[in-house]
Each structure stands twice: as structure tokens, then as C-alpha cells.
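Here come two complexes built around subunit A, the first alongside subunit B, the second alongside subunit C.
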Partner chain A sequence: MEAIKSKVNDAGKPQASTVQGLTKDLSNAVDEMMRTDRSSATVQSACELFLRFSSLISQEKLIDANFEAVKCEYVKRGNVFIKRIEKSRSIIAKCFRPFIRSNLKVLTHSYSKVVLESLLESKAHGCVFHVFVTESQPDNSGRRMAEKLRQSGIQTTLILDSAVGYIMESIDIVVFGAEGVMETGGIINKIGTLGIAICAKAMNKPVYVMAESIKFIKEYPLNQSDTPNKFKYRYSTLESKKDALDDEHPLTDYTPPQYLNLLITDLGIFTPAAVGDELIKLYT
Partner chain B sequence: MGKKKGHNKPQPANSPIAPQAVPETPEKLNAIAEQLKSFSPKKGQATPPSTPEGSNSAPAAALPLATSTPKAQEKADKRPAKAKGKPEDLNDGDGKSRADIENERKAKKLEKQMKKEAATAKKKADAAAGNAEKPPKAPAKEAPANKGQKDAPKTPQQPSKPALKKHFASSDSSDSFNMTANGSKNVSFKEKSNLKVRFDIQPSNQYDLTERPAIRVSSYFVHATPHNVHPAFRRLAAKCEFKKLNGVNELLLAFHKTLIEFVEDYNPRPDLPFSESISLDLQPQLCCLSDNGVHPFPQAVGNLIRLFKKQIHELDNTKEICDLKTYLKEWIENSAYYNFDLAEKAIVEFTISKLKSMAHRRILTYSRCPIVEKIILTAAEQFNDLHVYIVDDPNNGSRGKTMLESLSEASIPCTYGHINSIGYLVHQASVVLLGCSAILNTGRVVALRGSSLLALSAQAVNIPVLVAAKTCTFVDKVRLDEHLSTALLREPIETIPEDLVTALVTDLRIVPPSSAPAVLKAKQLGYDN
Partner chain C sequence: MADQVAVSRLRDRVNLYFHKTAVRESSSKLALRMLSFFEDLVRYAHYETAEQLIAILRAEGELLYAAHSNEFIIRNMLLVVLRGVRDECLTQTSGSDDTLPQADSLNHFQRLWFLPAPNQVQINSAQLRSGVLDFIKEMKEEINVSAEMISNQAGHQLVKTDTVMTYKLSQSGTLKKFFSLFRAKTIYSVDDDPSAPANVISSVEILSTMKLTTRVVLSAAAILPDGSVVAPAGTLNVCLAAKRHSVPVVFCAGYYKLTPMFIPHLDEFNVQGRPTDVLPASEALKFSNVSVANPLFDLIPAHLITLVLTQSSAKTPLHVYRLISDYYHLEDFRQLDR
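After this line comes the complex of A and B, so read on.
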């Protein structure tokens, strides 16, 4: 989100005097952001989509001789984009509400803002349910999630990553966020997601993924090794250890679409198979 | 155990051992025609009295007589007596046998009713094809056929072609044969007589490529005579018969060329506007190839034909004829270019981008697909550690050997195995690369028989399955009648379920099989423009 906002500010800076120059500047800004350690699949896809969206100005406006006007257009569209994605989380939360009934046991993995917001919204509408959150090493982000959930009065249990197999039989639904949604319909998420998804499939528990549309990525991984390295490792790691990545622990893993039941996005609720088409629509 | 298929032999047998070999030379045809009076099921079934009108008679052995049934009865009298406008590549022997058999046909036609004969022939053929040495079986099936059936022969049957061949080969004697059979065997099989017996198709275990299933009575067909069929189409049919064209890709390319020839030589009828006249005259050509709709075209060819017809339909008739012809020819050439040169380049690029990210490039492939071959050859230039495992079906042409040769020439390390060794080979490979002849609407892949074994094994050991599919091979069908062979291609095909396929590599982009309808839509729109 912040990444996008900064991009819009960039657009406002009067540095370029042609459309091409402006696009180049924006791309440079994107590259800058990619190079930070906080870059992730989300940021990358969001930046790409932002670029595409803002460039989609109608022809007449482009021909306008006054470049300032064109730049204003860019900024305007950028703001529209931002507003849309600000709303996307609440749209997803609304879509998710019918899935939560009372006395449901929900399993989730690591810290995801989208999942958090959806669960909070369901609680606010009076559902009583029990959430199990995995600790999600190495950064212990599950703990943060559990804290936030407890603060709003949801009954929460923090479990070990290794306890997922044990707890799965008493779970009703599994919910993940996503850092990126791929063209296959599979997702990239915090490491450990794949294991939980496989376990859920083995025990016939439904798996739902919540992702905003800016997270759609135009890649087609066939398996774990086929996922691009820029999603798996931080930028600094990639730079420093370009050749010896075998020793590095990846931060994310790829969950293939056959382990997912539904994807809940701000564009609607999709099966993994339909995501590919939606993605193409977004990117054209 | 089995002598079947020569599995135990050092060299795989290419033809079935069963006594169903079809004589394909005109001399033999003549010989058999002359033996008609001494009809016996064994010989009789082997006879294809060549030509349904307009098709090559030399390879006519394989072209089904099935169509001749309705044809014979309805249009035998209209048929020109001799093949006058024969193309130069048919020899004299053909004409002789053709004339012979046409005479026989006329004679037979007068005697029998259409439906009963077809039904009878079907049952007989089934029996005869099933076991040539057991005549009693044939009459047994005739009995119910003769009694119960009133409908036109609609039920597809596997050996109906040999049946009909026999039917026409045996003139009057077959009739008498029927009668005796009826009389003698009536009692014991009476209980079947009122049943409408439907023989379901069993896929042939023997890969007898001359066995043509299905009689499908088409309500509309154009009588294709040697006059109105352009020799280019007949050459195409001949090439397919003689296996010069293997696989959908080669067939499509050849078909493009055929169409271009046809358009070039075409002189429109004076009384009709160009587009109408050319579409009218296109009909007999296609009928000749597909025997009046009995055998459907292979899917991708059907696509091409449909689009071509659409182009014709949209022609602006006010233009000059030579302009229109040039336009059509250009369109065909463009389509060939897009669907072959460009499409293959795109597919190769996409696949290589996937291969790039793999640590060990061990590719498992089945038989020979020209696109897969191209992919591997191009990949070998970029990667050093490529290893190819080729699985082949010895009973079905052993085309993998051709692939093996061409890859070895490029110094790519290869391993070759028969389909029996798939269990071992699949553990060595890291990715499966398959070719296809069509993609259905649901995402199912239509490919050579045996490909699904690779896909299934790959899923069992968790390696990805990539299918190289050109967008021109996407069809808007949900189901194939898998047992029916198609008009020009004789290779046995099967469908691979969509959940076994990881990705379809098309020339648009890499696509999950479930997105096949989206590709269909995109391409149709593309053509609409």
C-alpha cells in the first residue's frame, strides 16, 4: 500500500516532460522498491499492476500537448487505483462472511492482514468461533496475529507449526492469506503453507485463500523449483549469495491449485482454475 | 503367452497376425472380385471393392465402403461408369477393378433393401471380422438383424467396414447365404430376434488400421465423382493412406497446400457468385476425403475447414475473381504461417523458459511429435545437461525411432524404451513433454494412444506434465467418440484427463488446462477480425 502511495507521489514530481519519460521514471521507482529488503511478491505485483493501470489513459488525453495535464491524469488514476485497493480488503471481508458460522474452528497460518480483517468483521457481526494460528517460524509472525485476534475478543490458540497434523482433525476450515496469486491458480505464501494445505486436503477440510487483486502475478510455476527466486528470498540475500542459494531457507513456498478450494478476492470468489482468466483480464 | 502383437518377437510386428490383412493392390482386388461367387467369409471380408466415388482406388482398401451403402442404393445409377477425369497418378489397374466392382454394386443394389442390408452387413461383418473362421456366428447375428431392425443403420460398430467390404464383394451369394443361415439357425437364436441388438465398439486390440468403425448415415452428402474432385485432394488421401503423413501437424500443413492448389485451379461456375460457387464445389472435395461425413475429420483439420468456409462466406463477391482467389490463397498462407512457423516458435520459447528454471533437464516424451522435437533441438543448443527419454509403442508405427535418430544426430543423449518400461523411465525423468492432436473444451487433451500412461505415471511420481498445443488445435467439443477413427488420420488416439496435465504450452501463453475455453474465445475473436 505504502509502496503505491509513494509511486503516486513520484508521479507528481515534475521531472519528466514526456510520457515516455514519466513511464521510465515510474519503472525506476519500481526497481528501487524491488531492491529493498521489504520487497515481496505483493509489492512487485502491485507495482506492475499500478504501472499498467495508470498507463491506461485514453488516447485523446495522451495526445494533449500540455504535459502537465497528462501528468495530472496519471496522478488521478493512481489515486483511483489506491482507493480501489484500500477498499479491497473490506470487500473481501464481506465476501468471506457467509463462510463463517458459529462454533467454527478456523486454522490460519502466519500473519495476514486480509485474514485478520475478515475475521474481525465476522466477529463484529456476531459470529462466535475459535481460531488456531500457527506460530510460523522463523519470524514468529503467528504470535502477532494471535495477539491482534485476542485483543478483539476472538478465542485464539497459538499452535506449533509441527502441530498442524495433530490439530487438523478438529478443524473445520483453513484460511490463508497470500503474498501472490499465480496464473495457475496456486499461491505464494509464507513457508509452511504447502504443508498445511496438503494436510487439509488429506483430511478433506476446505481451504480458502484471501487475496486482493493487486497480488495477481503473471507467472506460471510448475513446481517449487520453478518459482522465481525473487519471490522466495529477500533481495539482499539474492545479491549476496547469488550462487549459493541452496543453503538459504526460502521465505515462501508455492501451493499448487489442486490443494486450494476457493480464492476470495475483491473481484469475486473464484475457483483456482478461473484465476488464470481473471489475471489475463487484469493484465490487458 | 500371447502371440498377439508379436510382443515376444525380437522385432515388433507392425501388422496384426489375425487373418484380416487387407489386400491393397488392385491386382488382388480383381482377383477377389472374381471369386465372389465362391463366397467365403474369410476372403470376402478382405475385399474392399475400392472406390467410393472420387477417392483413390489404390489405397481405397482403407477408405471405407461404409458410405457406399446409402450411396450405392441411392445414387448408383447416377454414378459415371468409368473414372474419366482420373488424375494421372492412378494406374490402369485401378480403373479396371473400379469398373468391376461398380458393376457388382449395381447388381447387388437392385436386390436388397437398404436398411436390412446394412444391418445385415454390419452383423455379418462383426462376426466375420471377429473370427473369420466361424461362419456360424455370422448367420446367428444375421438372424436377429434380419428380423428386428427397422431403423437405418445408425449404431456405430467397429468392424463395419470389413463388413461392408464383404457385403459388396459377395454379390448374390451373400443373399443366399443369409437365407440359409436364417433357415438353419432360426430356432436357436430366436430369442434375440426381437431385440434391437447394438454392438458397442471395442477398441481394436490389434490396431488393424483397416478396420473402420461406424456407419453413420449422413442425411446430406454430395455425390463425389472423379469429375468434381480435384486431384490434390486425392493425393492428400493417398498420402495419408500410405502413411507418408504422420500426425496432425504434417496433415495440417499438407491440407493447407491442398487448399491452395484447389483455389488456384478453381474456375467458378458462371451462374453463381464466387463465394457460393466455391463453397458448393468444396463440398464434394471434403466428401471425398471424409466419405460423405461418415468419418469425421481430425479435430484440427475440422477447425481449418470451418474457418476456410467462413472466409469464403465473407468474401466480397463484387471483386474480381482473381482478386478473390489471391485473397483466399493469402489467407490460407497466412494461416499456415501463423499456425506453424510462428506458433511453433512461440511454443518453443515458452517451453524453454520453463526448462531454464529446472535443475536437471530430463525430458520424458512419447512417440514423435514434431513440435516436441523442435523444442528439444532448440533447447539442446542452450542447455548442456539435457537428457531425453523416448517412450515408444512398437505396435503403432514406432515413430519414436525417427525422433531418436534426429535427436542423436544433434548429439543429444537419449534413452529409448517401449511403453512397458514406463515404470522405470518415469523415475529417471524430471518433466514430461507431450504433443497433442487436439484440445477439447474442458481441457482434456487428445493425443496418441499411450500418452495418458505417461501422464498418469508422471502424476504418480509428482513430476509436471507439459503438453505442447497449438491454438489452432483447440476445438469446441466436450467429448470425442474415442473409438471412431477419423477420415484422414488412422492413428489410434485417446484423451488425457485434464487433472493429469500441469500446463498447456500454447502460442498465446502457458495456460492451465481449465482455461481452454478462454483460449478458444480469444482465437475465435482473433479470426473474426
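After this line comes the complex of A and C, so read on.
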């Protein structure tokens, strides 16, 4: 989100006086952002989609000789983009409400703002349920999630990452956020997601993924080693240890679509098979 | 105000239709009656723009669906008609017969992320009216021939020497047509009444008979976009037995049963039949501490189904979602409340 906002500000400021110059400036800004350590799959896909969205201004407007007007147009579209993204989470929360009934036991992994917002919304509508959150090492982000859930009065239990197999038999549904949604319908998410998904499948528990549409990435990985390194490691790690990545722990893993039941996005609820079609529509 | 009176009279008449029928008619008849209701609305209501027509149809349709929320077909037909209205609108504004607009990529973004601005273009309402009425007539025709068109595909799916198992043959119009047009060598019908044109077996014999079966053909009550199916209660047994013995399961349904809604738990939607079907009233006093349930539907998950036959196509459950966008328009079902 912040990435996009800074991009829009950039669009308002540049010295470029032609459209091509502007596009190049924007791409440079994107590259700069990719080079920071905060870059993750989400930021990368969001930047790409933002670039596409802003540059697809209809041809008539581009022919306008007044470049200031064109720049204004870019900034306006940037703002429209931002407003739409801000609404994504509430749309997803609304879509998710029918899936939660009372007295349900929900398992989730690590800290995800989308999942948090959806669970809070269901609680606000009067559903009483119990959430189990994995600690999710190495950064202990599950703890933050449990804190936030407890603050709004949802019964929460923090469990060890290794306790997932033990707890799975008493769970009713499993919910993940996603850092990126692939063209296969699979997702990239915090490391550990794949293990939980396989366990859920083995015990016949439904797995739902919540992701905004800006997280759609046009990649088609076939297995873990196929996933591009830029999604798995931070940029600084990639730069410093370019040839010796074997010793590094990846931060994310790829969960193939056969372990997922449904993807809930702001464009609607999809089966993993349908996500590829939607992706194509976004990227053409 | 004349149109308000007309609309309320139509509303009363359709509600009466629901109350009069003691036994539920077949789904196709219900679908036809719904289409007639919307057709009359289009014909007699007063509107200037397409937006107004859509608002009227949606208001009446949602009201009816709220009163009878276990009948998905009501909303399915509403969505079909709304799609017809939007298509008609598009055809008229673009001025050509091409129903697929050559939208540029920007429009894709716009349509996916923003609900489009209300149609400002003034459409000739008389032309819109006649266009939509023609569309509804076509849709009705499709319903009438749906059973036959499904049966025409039987030749691709079955051979004469197949042993076929089905469920409650005599209660499904689609299945009756299917088997009358295609005589398989042996047909087993589970839990049917003895007069059915098949070997009737009871549900306890499903597993033992499944060993001899080569195909299972069933009728769906509703098809959901993730490929799962709502079917008459008891069908789940047949499907699980078929999975156990690796027998392909084929579900037949007309397009009016395609429901653009996901059902995570069927309990919220399941219709209960009469408890006296399970426990006769004369025994009720003896069993006063027993709660009698008579759910009418089962939810069959997608992994138990091999093929879904509609009148136009045969699709695997993974690809059923494509049919949804064939028949319904994105804007209408994306913002559905339950």
C-alpha cells in the first residue's frame, strides 16, 4: 500500500516532459523499490499492476499536447487505484462471512491483515468462534496476530508450528492469507503454509485463502525449486549470497492448487482452477 | 400508476402459485413459471432506461427469492433475465449484432475492479422491451428441450452394454427422458418405487451392486461453481460407493440449475421434508423424546463427480465455473448477498 502511494507521488513530481519519460521514471521507481529489503511478492505484483493500470490510459488522452493534463490524469488514475485497493479488504471480509458459523474452530498461519480484518468483521456480526494461530518462526509474527485477535475479544490460542498435526483433528476450517497468487491457482505464503495445507487435506478440512487482486502474479511454478528466488529471499540476501543460497532459509513457500479449496478475493470467490482465467483478464 | 397495479397483481399471482402447489413440481416447470413472471414484468412495467428495468426486475426477483429462499431456481432465472437485459442494452448501444464487445484492456480493468457507471445512454425502451422478450422466449425454449438435449449426449457417455445405476429414477423428469431415449442393458434404480422401468434395489444393496455397475447417472438439484452438486438425499451414498469401486459418476442438469453461489455448509440451506414420512403420526406419542429429521438434499463434493452434463456441454467439475459466466453476467452475481 505504501509502495503504491509513494509511486503516485512520484508520478506527480517528475521532470519528464514526455509520456515515455514518465513511464521510464515510474519503472525506475519500481526497480528502486524492488531493491529494498521490504520487497516481497505483494509489492512486486502490486507495482506491476499499478504500472499497467496507469499506462493504459485511452489513446485519445495521450495525444493531448498539454503534458500537464496527462500528468494530472496519471495522478488521478493512481488515486483511483489506491482507493480501490483500500476497499479490497472489506470486500473480502464481506465475501467471507457466510463461511463462518458459530462455534467453529479456525486455524490460521502467521500474521495476515486480510484474515485479521475478515475475522474481526465476522466477530462484529455476532459470530462466536475460536481461532488457533501458529507462532510462525522465524519472526514470531503469529504472536502479533494472536494479540490483535485477543484485543477484539475473539478466543485465540497460540500454538507451536510443530503442533499443527496434533491440533488438526479438532479444527473445522483453515484460513490463509497470501503474499502472492500464482497463475496455477497456488499461493506463495509464509514458510510453513505448505505443511499445514497438506495436513488439512489429509484430514479432510477445507482450506480457504484470502487475497486481494493486486497480489495476482503472472508466474507458473511447478514445484518449490521452480518458484523465482526473488519471492523466497530478501533482496539483500540475494545480493550478498548470490551463489551460496543453499545455506539460506527461504522465507516463503509455494502451496500448489490441489491443496486449496477456494480463493476469496475482491473480484469474487474462485476455485484455484478459475484463478488462471481471472489473471489473464487482469494482465491482457 | 397503472403499471404499479399491474406489477402488484403479477406479484400476487406468482405468490399464489407457490401456495397452491401442495407437491413441488419439477424444476423445469418452476423455471418456466419464473421466466413467465419476469416476462410479464418486462411487458407490463413502466421504465425509460435499462437501469430502471434492471432495478424493477431485481426488486421483484429478490423479494420472491426472500420468501422462498430454498428455491435457487428463482434467483437463477432472475440472473438469466438480467443478463438478457444487459446484452440487449449492449447490442443496441453498440449498434451491431456483435454481442461480444471488443473491449480494450482498460475496459477489462474497469469492469473487473469497478462496477460500471449507470448507463447514461438513452435506449429506445420499446426496442429494449421486444429484445428482452425475444431473449426470454429463447431461454424458455431451451428449458423445454433441455431434457432431450441431455439425453442426446447419452450416446457419447454410455454404451448399450453398460450396467447403469441411478437414484430414484421415477422422480426425475430428466432421468426418465434420458433412459427412455437410451436403453442400457441393465439399469439399477436405488430406493425407487417398484413400478419404475428398472431393477429396483434398496440402499443397503448399493455397495454389492456397485461391483457390477459400470456407470452411475444421477440428476442434480443445483450445480455450484466449484463443481459440487446439490442432489436428492441419499445420493451421497451412491457417489461414495462409486468412488470406492472407481465407477464414473455423471450428473445431468439443465442450465437453470446452475447456481452462482458457494455453499460451505448445507445445513443452512437444507429443506426439511415432512417428519411423518419418516415416523408415522400414529407412532408419534410412543417416540415423544425423539427428534425426527428429514433432510431432502445432500451436498456432493466435487472430487466424487466425474462429469456434469448440461444441455449444451459436458464438463468436468473443475470447469463448471466457465458455464456460470456463459449464462449470468458478472455484475449481477458478484455482489450477491445470501
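What we mean here is this: the second predicted complex is superposed on the first by the 283 of 284 C-alpha atoms of A that agree within 3 Å, B and C clash if a C-alpha of one lies under 4 Å from a C-alpha of the other, contacts with A are read in each partner's own complex, and residues count from 1 in each chain.
Here is the rule we use: a residue touches a chain if its C-beta (ideal position, glycine included) is under 8 Å from a C-beta of that chain, and two chains touch if they have at least 3 such contacts.
All values derive from a computational prediction rather than experimental measurement.
Engineer: So if we stack both complexes on subunit A, do subunit B and subunit C clash, or do they fit?
Structural biologist: In the arrangement built by aligning on subunit A, the partners subunit C and subunit B fit side by side.
Engineer: Mind working out whether A:Tyr220 is in touch with subunit B, subunit C, both or neither, as first, second, both or neither?
Structural biologist: first
Engineer: Between subunit B (first) and subunit C (second), which does A:Tyr254 come into contact with in this model arrangement: first, second, both, or neither?
Structural biologist: neither
Engineer: According to the contact criterion defined above, which of subunit B and subunit C contacts more residues of subunit A?
Structural biologist: C
Engineer: Let me test your reading of the model: by the given contact rule, A:Ala273 touches which partner, first (subunit B), second (subunit C), both or neither?
Structural biologist: After superposition on chain A, A:Ala273 lies in contact with both partners, subunit B and subunit C.
Engineer: Determine, under the contact definition given at the top, whether A:Leu282 touches first (subunit B), second (subunit C), both, or neither.
Structural biologist: Only subunit C is touched by A:Leu282; subunit B is not.
Engineer: Between subunit B (first) and subunit C (second), which does A:Phe132 come into contact with in this model arrangement: first, second, both, or neither?
Structural biologist: Touch status of A:Phe132: no partner.
Engineer: Which of the two partners, first being subunit B and second being subunit C, lies in contact with A:Glu183: first, second, both, or neither?
Structural biologist: A:Glu183: touches subunit B, not subunit C.
Engineer: Once both structures sit on chain A, report the angle subunit B, subunit A, subunit C from C-alpha centres, rounded to the nearest 10 degrees.
Structural biologist: Angle at the centre of subunit A: 50 degrees.
Engineer: Which partner chains sit in contact with A:Arg84 here, subunit B, subunit C, both or neither? Use first/second/both/neither.
Structural biologist: second
Engineer: Go through the superposed model and pick first if A:Arg101 touches only subunit B, second if only subunit C, both, or neither.
Structural biologist: second
Engineer: Quick check: superposed on A, how many Å separate the nearest Cα atoms of subunit B and subunit C?
Structural biologist: Between subunit B and subunit C, the minimum C-alpha distance equals 6 Å.
Engineer: Could you pull out which residues of subunit A sit against subunit B in one structure and against subunit C in the other?
Structural biologist: Common to the two interfaces on subunit A: residues 273-274, 277.
Engineer: Quick one: which bits of subunit C touch subunit A in the complex? Just the residue numbers, please.
Structural biologist: Contacts found on subunit C: 104-106, 108-109, 112-114, 225-227, 262, 264-265, 268, 318-319, 321-322, 334, 338.
Engineer: Would you mind writing out the residues of subunit A in touch with subunit C in their complex?
Structural biologist: Within the complex, subunit A touches subunit C at residues 52-53, 56-58, 84, 98-99, 101, 206, 213, 261-262, 267-271, 273-274, 277-278, 281-282, 284.
Engineer: If we count contacts the way the header does, which residues on subunit A are in touch with subunit B in the complex?
Structural biologist: 183-185, 220, 222-223, 225-226, 228, 257-258, 273-274, 276-277, 280
Engineer: Report the residues of subunit B in contact with subunit A in the complex, numbered from low to high.
Structural biologist: Residue positions touching the partner: 354, 357-359, 431, 464, 466, 499, 502-503, 509-512, 514-515, 518.
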